[in-house]
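You will see chain A twice below: alongside chain B first, and alongside chain C after that.
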Partner chain A sequence: MHYRTRESLSGYLSLLPAFLALGAIVFYPMVNTFYHSFTKWNGADSHWIGLRNYRFIFSNGELWTLLRNNAVFLLSIPGILLLSLVVSVLLFEEVRGWRFFRSLYYIPTILSSVVVGMLMKMMFAPSGVVNEMLRALGLTDGTTEWLSRAPTAFLVLIFCFYWQTLGQGALIFLSGLSSISPEIYESASLDGAGWWQRLFRITMPSLVPTIVYFTVTNAIYCFIGLFSLVYAVTQGGPGRETTPIDYMIYIKAFQSPDQLGYASALSIVLFVIVLLASWAQIRWSRRYQE
Partner chain B sequence: MAKRKSLPVRLVVYLVLVAIAVVDFYPVVYMAVNSSRTAVDFFRDPGGLPAPWYFDNFKALYYRFDVLRLFGNTLGDTAAAFALAMALSIPASFAFAKIRFRYRSGLYMTVIATMTIPGITFVVPNFLLMSRLGLVDHPASVVIMWAVTSVPSNIFLLVALMRGIPDEILEAAKVDGISYVQTVARIVLPLSVPGIVTLAIFNTTGWWNDLFTPLIFLQSDEWKTMTVAVATILKRFDTDYPLLLAGLFMTSVPPMLIYVALQKYIKRGLVIGSVK
Partner chain C sequence: MNGKRKGTALLLAGSLMLLSACGNGANGNSENGGSGNDGSPAASGASASASASSSGGDSGKKIKLVFWNTSYPTIDENDKTKKKEDFYIYKAIARYEAAHPNVEIDIQDIPDGTNAMTKFQTAGIANNGPDVTNLWSGNYTMDLKAFIQPLNSYLQQTDIDSMTGWNAVTENFADSGTIYGVPDGSDGTIGILYNKKLFAAAGLDPEKSPPTSYDEFVAMLKKLKDSGVTPIGSESDGDFVYFLDYWFAQTVGTSGINDIVNGKLNFNNPKLLKVMQGYLQLYKDGFVTNDQPQTQFYNGKVALIFGGYGYLNDARAALGDDLGMMKIPNFSDDVVVKNGGIGGTGADFVVSKSSRHPEEAVKFILFLVSKDEQIARFKDGYGKLLNIKNADAREFADDPFVIKQQEWASEPSTIFWPDNIYPSELSDYISSLNALVIKQQLDPGDFLAKLDQKRDEINAQK
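Showing the complex of A and B:
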């Protein structure tokens, strides 16, 4: 056999197992979901109903509640971005023990969302420790029912999200900071630039790619990563007030009879949203690399 | 940045860092401390210390909830899934990094694009497939789902690392007539060990903490993983907070130990992709 052909052949053969597996578990099921999004489906029998699922999603108002819930999490990203930036800029000053702080901040990031959610649910319970502290500080009367109203339930969920993300943010921004060359700072200091000037003229602009990366990965997380947290804390309640899209797909697919076609259509909507976010990430990261 | 700082500034910096650290670490301490109390003691004073320290919650987890079996299930599933994931990812990564063939970059882009597909969007057909194969409520379904869905990101990281293997070594192997399988086993694999360790940490802690896949594919208590058991079985006892906290604490110990022991690998894995 010709040498080149043999090399190509070994290349294709190396890819074969991975592509067969991805074909069976990802590509084919994805096509299958797309097809069934146009049907009424109970898992065994399906019949074609055209765009009815999609029309229902966009017209009965449910999608907008779900998107609003995802949007609440999206709008909380700037807060954790700012917090992570402050922490890493402070740690980068190399105060004594900065490694210790970095490790400490990272611990919640390695806990399961289930653990985080259930732990916070207990701490925010009506007779829990958070209410007790707030009463001791005289801020509330200590009887807040955090999870029975949507705004406070969102606060608890967002607190969980922040708690899980701070360590990751600090770590990412610290390595972003350490890739800025020290000479730039030295020459800026020689030119008489103060701390704040260096922060806004040098540090922040050099961190922009890292900021974009952090924002987009967490934006995608807000669409596909919240399932465990919502399952553990609110189960989407009260009502559907804290149900994001991915949790709704789970409810429709696994807890409601005969709704698999509807769940498929909702899956396709989610897929398109995540696709757009990923596309934006690629566009932006290209622009900032220049 | 500047290392010469006045004392008041340093104090403020410390104060902010310590305040965040307290809020950040208090829940973990709360979980550890309150897992060693009786329920009565806990409800008398939810923010206080145990009086006396009481370790029967862990005994109850051992005798009534068979924690060892849950740990064993989780460990077995993650180990099998990682072995399968590597068997699929390593040859493919080697091909993408070092072998020349047509459509290589197109196929590579296909794999990378697959990373963006949310798992929940194709779970229903997979559930039906597994139930047709009789694998629902059998660990094989979870192992297959975990392993295959992790393949694209594993390939992404391994390709980046394997591109760094010097071509001269592979050329020399070719000249010596060493077979393809031996090249992968004797040269590529040993040189990729640091990357494989990083992937092992990320995949196994991710799977250890995963709720979604085992929640859907495993139903009987006998096969459940630790995380799912906490979210479903232990949750039925949600009036006994200290018992629940003991369960949460035991679930969290393995990932925390892995983190403490293997910190430097975690940092490398997280940073790849974020900073060029």
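Showing the complex of A and C:
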């Protein structure tokens, strides 16, 4: 066998285990889900029903409520982006106590969403510490039912999302900041550029790829990663007011009889939405970077 | 190059082994899973050649039954030092194993309620479910029948005759037909548990003059509120299952509930709308708190909660002789079922289709629901009454409320849990939307209309 052929063969064979694993863990379930999205499936038996699941999804009005809920989380991304940026710049500038704050901000990231959710649920309970604090400060009468109304329930969920993401965001932006050459700052300082000028003329433009990465990954997270948080804090309530699509997939798949086909169709819809959203974001960011 | 080729071959072989191992895992664990696809005993037995005989413990080989425990307590919140062996279920298993030396019961604790059903469903899909588990009865069980063994061929008529609650585990709630479970005890009848001291302070004595109508109930709540206590403690979903569902069910009757499920009658009808408006008025008048209802009731800050036998032990321990119990008043004079309540056999034992030993599994279940064992678990403080026919609670209980609960449970006016009759998806939807109604974020009429829409969707997808 020719040397180059053997090299190629050995390369492909080396890749094969990873491809097989990917095939078994990712592609097979995807194809399986796609197939079952056209069936009525109870987990044991399935039969072909064509586009009926999709027709239900687009006609029963539920999808728009779910998308609205996902959109609320999506719209909260600029807030956490800004917070992470501010924190990372302050840490990068090594303000007083930065070592302590670096650890403090990162701790929630290592906690599971369920732990964070349960903690927040207790804190925001009617007789929880948040109401106690607000009453002590004279801001409210201390009887706010945070999780009983959609706007405040969303606030609690977004607070959890921020709290858990801040450490990771700060870390990502810190690594972005570290990659900027100190010589650029030095020469800018020599040229008389102040702190704000350095921030807006050097730091921010240099961080655009990091901002894009952070935004895209969190946008995806807002579609597919909120399940555990919502499950632990509001269980999609009150009503279905804070139920995102991924939580609805869980409800349909595991709490509704014979609805695994419907859940599969909803998963495919979610897959397409995330694909389109990520594609649009990346295209937009490329244009911005250019 | 030779070494490289060998390395690649090893890597390839390793990955194939890994994948084949994954594939085997999907068919269930080696001890328990792997029954035939149709789940029939015959198929199960045929595929179980490597393990013990499916005919039971007579072959001499030891049989292991996996029991997913969703309901028997195995942790004492007040006494963490209590050993597992000291709990009723471990003692019962020890008794069973002693009487059946060839059977070993592997008890595994899993979460109760809808989580148990989710776990059972996923295990069913993977064909590695337990031999025995405990689920909610009615449609909660029927929704999972694709993963549950029909039990008719394993049950004797004497077994069926000795217990109540078989409708809750029989297809279509019929008197005869395919049986998917064995009814497990009784939840008694949901009524009102109240604090006599707080009622007396408000000048009320429900023992002498219990409220018999909505108006009398409201007048009673008003007096309680005027005395400075919160009259009702209710869960965050508004106690739909324990309270509102009773007013629904008594208004339309059991046949009406079935008609609603089948789409012959709508939730959104004038009678049920009136019930909803009356129920909501209790919230509007400030009679109800949703903050930690049980704790506040036990601490004497809330005058009453809705509950059945399941709450009696804790309530008695907290309030002692100050605890009172009465039935939920009728919503109006023209209801179909009067002076009743909701309750009955809300749980059952099932045998999964993955079980290789269904016959032994049923024997174990019948042991657990035998009269002696039901009395033994009752005495251990377990939150269920007996579902043995003609059981006289006086034989094993001293508390007059327990005796009353057992009597109420056998009255024809006790309506079987409507949430076990609704499709489980609808029950979940009702509870989540009702949370919006009680916060006045959803109009009662819109609420009922949405329930009809959801019911129609579920029926259309059948």
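Some notes on this structure:
In this text, the second predicted complex is superposed on the first by the 250 of 290 C-alpha atoms of A that agree within 3 Å, B and C clash if a C-alpha of one lies under 4 Å from a C-alpha of the other, contacts with A are read in each partner's own complex, and residues count from 1 in each chain.
The criterion applied here is as follows: a residue touches a chain if its C-beta (ideal position, glycine included) is under 8 Å from a C-beta of that chain, and two chains touch if they have at least 3 such contacts.
Quick caveat: nothing in here was measured; it's all calculated off a predicted structure.
Which of chain B and chain C touches more residues of chain A is settled by the count: it is B. Of the two partner chains placed by superposition, only chain C is touched by A:N60; chain B is not. Using the contact criterion defined above for the overlaid structures, shared-chain residue A:R149 touches chain C, although it does not reach chain B.
Of the two partner chains placed by the overlay, only chain B lies in contact with A:S113; chain C stays clear of it. In the superposition on chain A, A:G236 contacts chain C only, with no contact to chain B.
In the superposition on chain A, contact is made by A:S14 with both chain B and chain C.
By the document's definition of touching, neither partner reaches A:T140: not chain B, not chain C.
In the superposed pair of complexes, A:Q197 makes contact with neither chain B nor chain C.
Judged by the touch definition given at the top, the superposed model places A:S187 against neither chain B nor chain C. In the superposition on chain A, the residues of chain A touched by chain B in one structure and by chain C in the other are 10, 14, 17, 21, 24, 43, 127, 254.
Touching chain B in their complex are the following residues of chain A: 7-8, 10-12, 14-15, 17-19, 21-22, 24-30, 32-33, 36, 43, 83, 86-87, 90-95, 101, 103-108, 110-115, 118-120, 122-123, 127-129, 132-133, 163, 166, 168, 171-172, 175-176, 179, 185, 189, 195, 198, 203, 209-210, 213-214, 220, 223-224, 227-228, 231-232, 246, 249-250, 253-254, 260, 263-264, 267-268, 270-271, 274-275, 278, 289. Residue ranges of chain A in contact with chain C, taken from their complex: 6, 10, 13-14, 16-17, 20-21, 24, 40, 42-45, 56, 60, 125-127, 145, 147-150, 235-241, 251, 254-259, 262.
Chain contact summary for the complex, chain B toward chain A: residues 1-3, 5, 10, 13-14, 16-17, 20-21, 24-25, 27-28, 30-31, 43, 46-47, 87-89, 91-92, 94-96, 99-102, 104, 107, 111, 114, 116-126, 128-129, 144-145, 147-149, 151-152, 155, 180, 205, 208-212, 215-216, 227, 230-231, 235, 241, 244-245, 248, 251-252, 255-256, 258-259, 263, 266-267, 270-271, 273-276.
Taken in their complex, chain C has these residues touching chain A: 1, 4-5, 8-9, 11-12, 14-16, 18-19, 22, 114, 117-118, 121-122, 124-125, 139, 142-144, 146-147, 236, 290-292, 423-425, 428, 432-433, 435-436, 439, 441-442, 453, 457-458, 460-462.
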